[in-house]
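The chains carry the letters A, B, C, D and E, assigned in the order they are written, with residues numbered from 1 in each.
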Amino acid sequence: MRRLINRRPGRGGAFGLGLLPFILVISAYLYYSHQRLEANPGDKLLPAPASIGAAIHRYALEEDERTGDYLLWTDTRASLERLGMGLAISAAIGLGLGLAIGVVPYLRASAAPFVAAVSLVPPLAVLPILFIAVGLGELAKVTLIVVGVAPVIVRDLAMRTAELPTEQIIKAQTLGASTWQLVLRVVLPQSWPRLIDALRLSLGSAWLFLIAAEAIASTEGLGFRIFLVRRYLAMDVILPYVAWITLLALAMDRLLRLVRAKAFAWAEPGV
Amino acid sequence: MTQVTVKHMWKEYGGHVVLENVNLHVGDHEFVTIVGASGCGKTTFLRMLLGIEAPSRGEFLIDGRPLPGEPGPDRGIVFQRYSLFPHLTVLQNLLLGLELKDAPLTGRLFGAARRRALDKARTLLAAIGLEAAANKHPAQLSGGMQQRLSIAQSVIREPKILLLDEPFGALDPGITADMHELIIKLWNAHKMTIFMVTHDLKESFALGTRLLVFDKVRIDPQAPEAFGATITYNIPLKGQRSAS
Amino acid sequence: EKTSFNMAWTIYVGWMPWGYAEQSGILAKWAARYGIKIKLTQVNDYVESINQYTAGTFDACLMTNMDMLTIPSAGGVDSTALIVGDFSNGNDGIVLKGKGKTLKDIRGQKVNLVELSVSHYMLARALGTVGLRERDLKIVNTSDADIVAAFAASASTAAVAWKPQLSAILKNPDAQLVYDSSKIPGEILDLMVVNTATLKANPKLGKALVGAWYEIMALMAKNDAAAKAATASMAKASGTDPAGYAGQLATTHLFATPAEDYAFVNGDALVNTMDLVRKFSFEHGILGQGAASVDAVGIQFPSGRTLGDPRNVKMRFDGSFAKMAMDGAL
Amino acid sequence: MRRLINRRPGRGGAFGLGLLPFILVISAYLYYSHQRLEANPGDKLLPAPASIGAAIHRYALEEDERTGDYLLWTDTRASLERLGMGLAISAAIGLGLGLAIGVVPYLRASAAPFVAAVSLVPPLAVLPILFIAVGLGELAKVTLIVVGVAPVIVRDLAMRTAELPTEQIIKAQTLGASTWQLVLRVVLPQSWPRLIDALRLSLGSAWLFLIAAEAIASTEGLGFRIFLVRRYLAMDVILPYVAWITLLALAMDRLLRLVRAKAFAWAEPGV
Amino acid sequence: MTQVTVKHMWKEYGGHVVLENVNLHVGDHEFVTIVGASGCGKTTFLRMLLGIEAPSRGEFLIDGRPLPGEPGPDRGIVFQRYSLFPHLTVLQNLLLGLELKDAPLTGRLFGAARRRALDKARTLLAAIGLEAAANKHPAQLSGGMQQRLSIAQSVIREPKILLLDEPFGALDPGITADMHELIIKLWNAHKMTIFMVTHDLKESFALGTRLLVFDKVRIDPQAPEAFGATITYNIPLKGQRSAS
């Protein structure tokens, strides 16, 4: 018998093992759902697969009578636009401010404590001020994502920029680099893969803030729909929406990983 | 013409005296090798020449003028490790110095200027025998190849002074002979002044035109940090200048 | 036999007496009289409290008549409105920005409100009075926690809310109240809802709850020092001062005696109200996806009348416990 | 003129620079607050410092008439207890599962994809199911924190465990280590500082989930109080509460950093 | 008594043949040094001895029995780097092997057992001249000190076979002489069989009782990966056995 640590499943085995917990969770769901529906056929908490299927059909494949839209797709588009915009702005802020803080000691002294404090302010508690500052429209939702995500990215990039070996920074200066050239040719190019890592780590909270923002005031979006139908406990809609959000988040995560591996092969650990 | 002069120079960290009363004059196109016990201040001395550390007392002059307080293109450096840019290919690593010189705003060259720079970089690349690896990234090179590239990188802007801090300490013994040849070739081609720290006495004799030995002259066993090291021997050598 | 019961409550003007009932020991006293225990859980998120009741976590819960129909009853949980505590008599309102505006001006505006709630219902009723329809404006679903701040934002121009948020909104110097629930008295009801099966098996629960409720109603009606102390405590618990709470009470029609409650649930007005409510709910798709028609869910009244499918009665109004209280039979 | 990158502020200068953005934000607040209060003396959005001071006095220094408590302190205690418990449980799960996934290939194959998916499920969207499962008591609040935080810690620790140099793992085996001994003497001790890092990174979202949980069901706590007074737009209470939360979070962050530096000096980058 | 036998052993990765038809017999208490071009499969050979890689074909026997498929306390290893435990002090790093042996459940010793283990560890610590650093962590040691500790760590459980993969490649040349002395001392004290890969031919002659040269005998310029290396020379040496 070899040690547990030295035993590895084959490819097929690994795939099956990976599927196992999902199958278990789905089975548990089916069991409890069946039990509850036996007791009360109208139960809404754990709807039967058929009800969920019907709900998916209604939301993804049928036009909504009131608006003429396919709700799932309008919701998805609205949410992804907000999320994309929020992440893009956060990335821009994170890169700009994070690099500046990491590179320029005066800026670091001035901005680092403030960013550390801001990153710990619970954004949902100061919403009223946010509304006054940016209104209630799309901007508010994007801003909430940015407020929630950007400080974390700034801190991460500042830390990782400061971690660049001093030898590199000195070497660049002996090659005649000005501060600007140093940022442009040495620091920035090495920050891209780190930015991708930071974005991947922030995906979860970005979705969280998106959903929170859509729950506050909106007329479409995945988070909006979930909160709307929660008013009548329509778990048959909520559950597929949650699964869909998770799938989208996973896909974005994989995509970012792929981009990193392809575009910044030099930064992959294995090279 | 490069003259390095050090007068009554002391270096202390808090109460810890690292170097005391160092005096030195080094003329043009010398190859200065530095040896001394671990922790005696050799690296500190190079760091001051580089401008990332200031002397506590005394003067440090290059061509009669005080040393600038920060690194610049007139003084190149080769560290033991880490000084290559991992995101650039071998060729780009070499090119960088030229691009930084001629493109202050974009840090990149285009057209004819780029072609000229490429020619220069390729010539140097051939000199260090890395043409085949031109498009690889540093992480794909062996330690010896990395160090050769690092040396070439630091001479491409033709510094007046080149500083080397145990450049071969992390390399396989077999490779160092090639490296010695390379460094002498570059030293002769570019006519710079070299300061090289080494642990290997044989190496220091073989390469240098001048050997500096750093050591403490006074020792207080109760307070080992009360006295610093200084240059106890300053020996002119024949070196490899004749080989040029 | 079940002797311990769980009940959820939410901070809201008409339900604060329940908090007081627990704090003052009145509820425990009545429960002890019938040899049972009643555990009150404060749930801050109103919808979550109803969801939990519907899922079976609680035996009793406080909610409006419309939410009762669309959540537990449409979800197949047979429920009984044990007590009709009050109806909103100006506690819900429609506010526009701009002094002197009238309801008609709402046309074409974006209206912030909690979609599919009683605010939404009242808006629909209000629009009917000026010949407008929902498609003449745009509804922006806004959480009740954030609606005050939302209205304060310069871009927003209209909101529907209940108190205390409504009061906070009206403090805005630009705010104009254009409609409120006093125009539809008796349509927005705040109910004490109990699971029908549980109530049938345990009438003691009903008796204890009703007994405690009307003891507090009597106490509050006296207007003496004890009453003042009670309302002051409720005010504090709802995060405001006695004056603020009095302002909320003024627009809430509490049924002070069981007799009033009894009369109300036996009246015709309630049937008409519930007919309006179920039609609204059906049109907005919140009677559940199984609801093929407005009649899907049956609603039964003490008078014996029913609305909708009589074989699928899931929502019941009950006067029998109020009657006992009236007769001093508790 | 030296390059920007080589210029460093002195100690006093750095302190002053660090204070600067805070002073700017406070000044901006005072300016806008004054403006709004001029226009409408009843404005509650940006209350005057005096009102905030009065609110702090009321909540921190006066007994509540109803309960006889000092509200700020009871709220703080309740929230910190929940947070502490949530973080402790998350840390325990993160350490146990993360290590196991990082060390045992069979477990990795089985659990890693599931944990990756779960860490991206937005917990706020599946609240009803969560509350049915664990009730609405203290457990619910702690559970929400755990559900939000633990998967991230598990992933982080699993990744960092797998990053341990293979040489170490092999060396330990040549010293005769069983899988259990390997975990106990090699992997676990090296995980502590990493766990602290992971906890520090999770602090922000832990507070977020705490506040969300308290807004849904509780009768005390910092998040509950903010929720309660938000309906009246009582910014004079909300703002000091938010500042207090930020301060607490910062203190916890510093404390964790200190513990790491003192107890795991061998893992500090500078050594 | 330890005998290592390799019979008709091949190692391939996919289509890439690394080693082909390797045959070898090594008797008790030999010091086998291995040299060969970079990439010819020396490390792969050690990895198979260690049990973390399996031969594609052929047999690999220790004392007539097939090699276990995973590392164990009968075969110690010293890597070029990274094999110390950064969270343990020098003394704890040494102690670990003894604790793992006698405390299967807790991995820690107490009371008299601990004192016995401590004695043994301290003796070894003295032998490698690191007593003064007993309570430091690896990161606080120089490269040479780390490697000395690493060697001591891998012999404390008295393995029958000790594997060394370029153990001195990353060290300053001056330090290697000390290391040679240490390794010979330990080899004689513990009577184990040593396999050591090195790039330094002089070293391999100085230390070994048997020198193995790995090289390709067949080369197809069109498909450099079609043929693997094998043992082209197997030379018995006098080595330092006499010094024992």
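By definition in this document, contacts are C-beta pairs under 8 Å (C-beta built on N, C-alpha and C of every residue); 3 or more make two chains touch, one makes a residue touch a chain.
What you see is a predicted model; the values in this text were computed from it and never measured.
Any chain bridging subunit A and subunit C, meaning touching each of them, is among D; the list is complete. Using the mean of the Cα atoms as each chain's centre, the chain most removed from subunit B is C. Centre to centre, using the average C-alpha position, subunit D and subunit E are separated by 47 Å.
Inter-chain spacing, taken between the CA centroids of subunit C and subunit D, is 37 Å. The multi-chain contact residues of subunit C, meaning those touching 2 or more other chains, are 51, 55, 146, 148-149, 152.
Shared interface positions of subunit B, defined as residues touching 2 or more other chains, are 70. Contact of a single residue of subunit A with at least two other chains is seen at positions 3, 6, 45, 128, 132, 173, 178, 230, 233.
Partner subunit B is touched in their complex by these residues of subunit A: 165, 167-168, 170-178, 180-181, 184-186, 189-190, 264-267, 271. Of all the residues in subunit E, the ones that touch subunit D in their complex are 50, 52, 70-73, 75-77, 79, 81-83, 85-88, 96-97, 99-101, 104-108, 137, 139-140, 153-154, 156-157, 159. Those residues of subunit D that touch subunit C in the complex are listed here as 40, 42, 44-45, 64-66, 127-128, 131-132, 135-137, 214-219, 224, 227-234.
Residues 69-70 of subunit E are the ones that touch subunit A when the two sit in their complex. Subunit D makes touch with subunit B in their complex at residues 2-3, 6.
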